[in-house]
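The same subunit A turns up in both complexes below, where it pairs with subunit B and then with subunit C.
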Partner chain A sequence: MLPPARAGGGYARRYGLFSVPAAVVVLAVIVLPWAFTLAMSLADWSPTGGTSWVGLANYRHLFTDPEFGWAVLRTFYFTAIGVIAPLVLGLIAALCFNQRFPLRGAARTVFILPMMATPVAIALVWSMMFHPQLGVLNYLLTSIGLPPAAWTYSETTVIPTLAMIETWQWTPLVMLILLGGLAALPGDPYEAARIDGANAWNCFRHITLPLLWPHIVVAAVLRTIDALKSFDIIYVITQGGPGTASETMNIYLYQQAFAYYHLGFASAVTLVFFVVIVAVTLVMLGLRQRSLAL
Partner chain B sequence: MNRHRLRKLAGQAGVIFAVLVLLSPTVFFFFWMASLSLKNEVDNMAFPPVFIPHLPTLANYAKVLAENEFGRDTLNSIIVTFSATALALAIGVPAGYGVAKAKATGSATLILLARVTPALSFLIPLYLIFQKLGLLGTLVPLVVTHLVLTVPIVVWIMIGFFEGLPPDLEEAALVDGATIWQAFLRVAMPLARPGITVATILAFIGSWNNFVFGIVLAGRTTRTLPVAVYNSMTFEQVSWGPLAASALVVTAPVLILTLVMQKQIVAGLTAGGVKGG
Partner chain C sequence: MMHRRSLLAGSAATLAAPAIVSRANAASSFDWQRYKGTHIEVNLTKNPRSDVLQHHQKEFEALTGISVGSEQIPEQQQRPKAAIEMASGSPSFDVIMVSLHVSKRLFGNAHWLQDVRDYIKNPEMTAPDWDFADFGAGAVKTATQADGRMDSVPLNPDLWIIFWNKALFKAKGLPFPASMDELVASAYKLTDKSKGTYGYVGRGLKNANIPCWTSWMLGQDAYTTNPEGTKLLTDTPEAIWGAEMYQKLMRDTAPPGSIGFNWYESQTSFSQGKVGMWLDGVGFSAPLIDPKSSKVVHDVGFAVVPKGPKAQHSASFVDSMAITAASKKKGAAWYYVQWATSKKIMGDILSTGSGTPARLSVYSDPALVKTNKFGPEWLDTVKKSQAVSAPGLPEIVPVTEFRDVFGVALTNTITGADPAKELRKATAAFQPVLDKSNKKT
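On to the complex of A and B.
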């Protein structure tokens, strides 16, 4: 007779069959390409055919290429704005949408439209709005007495401008995650605080924020991953320009792979890029552990 | 007492004001998108800009729809998105069930890994493989690569849904002699229909909006709508009206879906933190 634990294990194994097709797909389109990329990163590949093994030369080239270093810095700059601004605005939005007010459902639907809409379509309209002479944004700025901005047309403003679109697009996702967190908060601490005469700010600072913290960390981690990988908006509006002023890691990778067809080198870029994303994610998850311990 | 009520009213006014401020960029953006698409070229190039078109015109839409390639691009988008969504459901719903039942959290990590990985990193090897197989001029590479996107979305959402279902009914079915496949098909699946709806919508939107796979793998005859819009932006005379109209046409299905199914979409996004784009 089988001991109960073994029988349970058998069940688990039988349920494993449900995942076989998905496992095959994951293997074919995710794991296999990864192995392939690893191998490619050690090779030199040219479109005319012929692959030669070059060992770690691609990596050596990568770490001595100042353009890649700049791309990493730009990516972090873009990501810093594209994480902090949506978190702050998303928190404010979540606190608002957690209150009752007329037409709340409709307002929330409109609020999430930027993250649902097709990125290419959005990017196209933004680029028309940024036009230095005919764009509506500079008209709005000058009509309230501000100087016109160069938006994506200047090396100094292009990253903040793109990060602004990123913020507009993804604040809704942060809002939804935090709204879910707020809905799950217990009511008792607030009752007790009110009896003790705490004001709204103290309630927020000492009850809401600590209880919501795990959700904030989740939102921050997801936002960081997505901001590091941001591609569509940047590529459609600037393609990394002016010059290379908005060439983030992902754009650099794309150019190397599919503009110059340096596929071996680009494979090395991919792996380094992936390591950077995983490292940043792990650091942030480490912060979460620490904050929970506090 | 009166002061208390007054303060409450002021608080509500503050919330409504904050919401209006938060919504204003989005409202203005979509208003401007529609405005550009409904104005003739003279109004679009006017400065100061024309906000409400003097003579709203549908000529820009007519121009977009009359374009030779628009029908084919739309058909490509429909084929790719529907295939990628249907295949992801066929593969992902059972997988979500299997993972939820076997409590195999390791496979959930694998799905998360798919989110961490930049889409471009799948593209280099897949591009070479499809080139070797001679499939680059067909829609097959697009459908396959879109699975990278849609399968994790479906599996991720279905794990959450199946974990939330009470196991009693399936156990009763198993005791009555049903196989686990029957228990899944006849008991768990119908109960999880709301979850399947959410997964379908989000997979559909993710695939429909996707740009990066198309820009690399699609040729002139196999391009999807986002790629077509991007091409018309770079290769043709910049004329804002038709561009704005085509942007609105491409994203309209997604916007309409969001407006109609907002409850399911919000539920799915909140649960999984999955992003549509």
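On to the complex of A and C.
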């Protein structure tokens, strides 16, 4: 068989048919649903019938609805904590697990257990632990002389508390990514640095961190996309409350689509949300490319 | 002394009983086996009533020869799933359990459910002992659409009552309050934050908290909309009075964190013996008398919501059984519905503490009264609450949105916002949504 470059257009003609199944699948499961969502976003679609085209009215409503604005801000607040905290803790954990010590394998296994838990199940367990009077967390706080916390039962602490669960669950993933990165790092720079008198901090600051940076960015991108999409834990524990204090874009979207049946409007939210995720991801991947180029 | 002939006769009667029951009686043209061999799918919300139905499902299959596939789905997932499937025109189920307090108008306006009046009237389709007249008038009214269609049969009105801790009241020398004003006063007297004791607990979480406000509004004989469901009455002096009462109880006499409480957190707080009163659905009674989960087994009292300045009502939320209009097996589906709402099943729901059925006769059945595990005070409370029951939510299509908008307003009052301002703001925000919804339908 001729290599593609030499075969030219004949190759495409001969083997083009082989791509048809893949193209059909992509069309059916990606392109058509998106096209349908786009069409719905331009309509006032009601489950009881009576669909009418409204043009860009759903988008205008979206950008003038203060609740949507607040939902976006809450989403970024939650995402910021839910990305930075796992990155910092995951990096520390990866550096620890990269050292040799007894029972390291067993400790690693225990460390990644939260990642394997079912989100809805762990959400229910956490919600019991957060109970202001009967939860084990306040029992522990008061038993060491600290005042009880309101956890998810206060408008001011609900988002950090939910992000704490996100951190607990997904720090192991970051650790695994960074541990893989650490294992791939060359030993020569460290040897040279030590000969030059560098201490552990200098080695970390000037060798480990720059060399690990591409891996950190990959972990950050994955974590950002995941945190932006987070729904199950928030919905099970607070359903967006107290009030609307934890109503992120996903909860807002769910409410509009499946509680209020504003399916046209919810489609517009979906598309805007998609654009936000793609934009954030592109920015982060751009950062990664720049770091590789340096 | 038993003779051989009478023994044989008795044995023959026992063996023939199912056949006799299946033919109902000689005078009736009704036949339980009419749809033998048919298969139907039943969509249930997850609750103890559905457990009873599934527990007895084999009996229905043996009685009718109809095979049944049934599933229970948590109500917050079941409602949108049902709506979307029925909107598609070909739902995957023939029978559905409907939360009328949420879905009545949406399902009714869309004509997704079958009107059952013709079935009820038809002696060939309805067992002679089914007795429609036995259903409580309030529940029947709730199951009837504005245009007179009865597109579901009421199964269970969940009545809101006051659970109260008799030991805490006794310690303070207080009787159970005779009025809503006395209830607030008692809540303040029972509250001793230094000892971790609180007078009252209820739902603070948005959406879930609405009945904790409308229950007090009903004491003013006030409802959240006009009877046509076109105009909000949520910023009237009566509505504001109810919100002020909600605020006082939740802000000053409820445990910390109750702004985020749903029924579960309220129940666990009350069951630990540190809370004087809890307003919620009678369906949550069972865990309170279970020693494994409750410290108030011997102290819990059940009481009708006390009278307000103008009236005494118990907010009620009715579940019902319905046939989907798109079903191609409506006859078999109707058989399931009438079986699910029969005296036997409803009696079982009552005797197992799984709910408070819509049939009145079960409450005066001596056998059921005797076996009821909650005791005479509970039964008396249920009967009295049924007599004064009233809808706890407006009968409008966007009822979930109503619950969210006004739920947030109520939540804001717990953090100190002015109830009148919050209700006016929520009313102004929601009236256009209601107008738009009414225009569409």
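Basically, the second predicted complex is superposed on the first by the 265 of 294 C-alpha atoms of A that agree within 3 Å, B and C clash if a C-alpha of one lies under 4 Å from a C-alpha of the other, contacts with A are read in each partner's own complex, and residues count from 1 in each chain.
As a working rule, a contact is a pair of C-beta atoms (placed from the backbone, for glycine too) under 8 Å apart; a residue touches a chain by one contact, two chains touch by 3 or more.
Keep in mind that this is a model prediction, so the values were computed, not measured.
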Subunit B versus subunit C as contact partner of A:G243, first or second or both or neither: second
Which of subunit B and subunit C A:L134 touches, first, second, both or neither: both
First, second, both or neither for A:T152, with subunit B first and subunit C second: second
Touched partner set for A:I30, first subunit B, second subunit C, both or neither: first
More subunit A residues in contact - subunit B or subunit C: B
First, second, both or neither for A:I144, with subunit B first and subunit C second: neither
Contacts of A:F97 with subunit B and subunit C, given as first, second, both or neither: first
Contacts of A:V120 with subunit B and subunit C, given as first, second, both or neither: first
Contacts of A:F258 with subunit B and subunit C, given as first, second, both or neither: both
Overlapping contact positions on subunit A, where the subunit C interface meets the subunit B interface: 133-134, 257-258
Residues of subunit C touching subunit A in the complex: 80, 83-84, 86-87, 106, 109-110, 196, 204-207, 255-261, 265, 268-269, 272, 274, 397-398, 400-401, 404, 408, 411-412, 415, 440-441
Contacting residues of subunit B [partner subunit A, same complex]: 11-12, 15-16, 18-19, 22-23, 25-27, 29-30, 32-33, 36, 45, 47-49, 90-92, 94-95, 97-99, 101-104, 107, 110, 113-129, 144-145, 147-148, 151, 155, 180, 184, 205, 208-209, 211-212, 215-216, 225-227, 229-230, 233, 240, 243-244, 247-248, 250-251, 254-255, 257-259, 262, 265-266, 269-271, 273, 275-277
Interface residues, subunit A side, partner subunit C - complex: 46-50, 131-134, 148, 150-155, 158, 238-244, 255, 257-261
Residue ranges of subunit A touching subunit B (in the complex, touch as defined): 11-19, 21-23, 25-26, 29-30, 32-34, 36-37, 40, 45, 89, 92-93, 96-97, 99, 101-102, 105, 107-122, 124-129, 133-134, 136, 139, 143, 168-170, 173, 176-177, 179-180, 200, 218-219, 222, 225-226, 229, 231-232, 235-236, 250, 253-254, 257-258, 263, 266-267, 270-271, 273-274, 277-278, 281
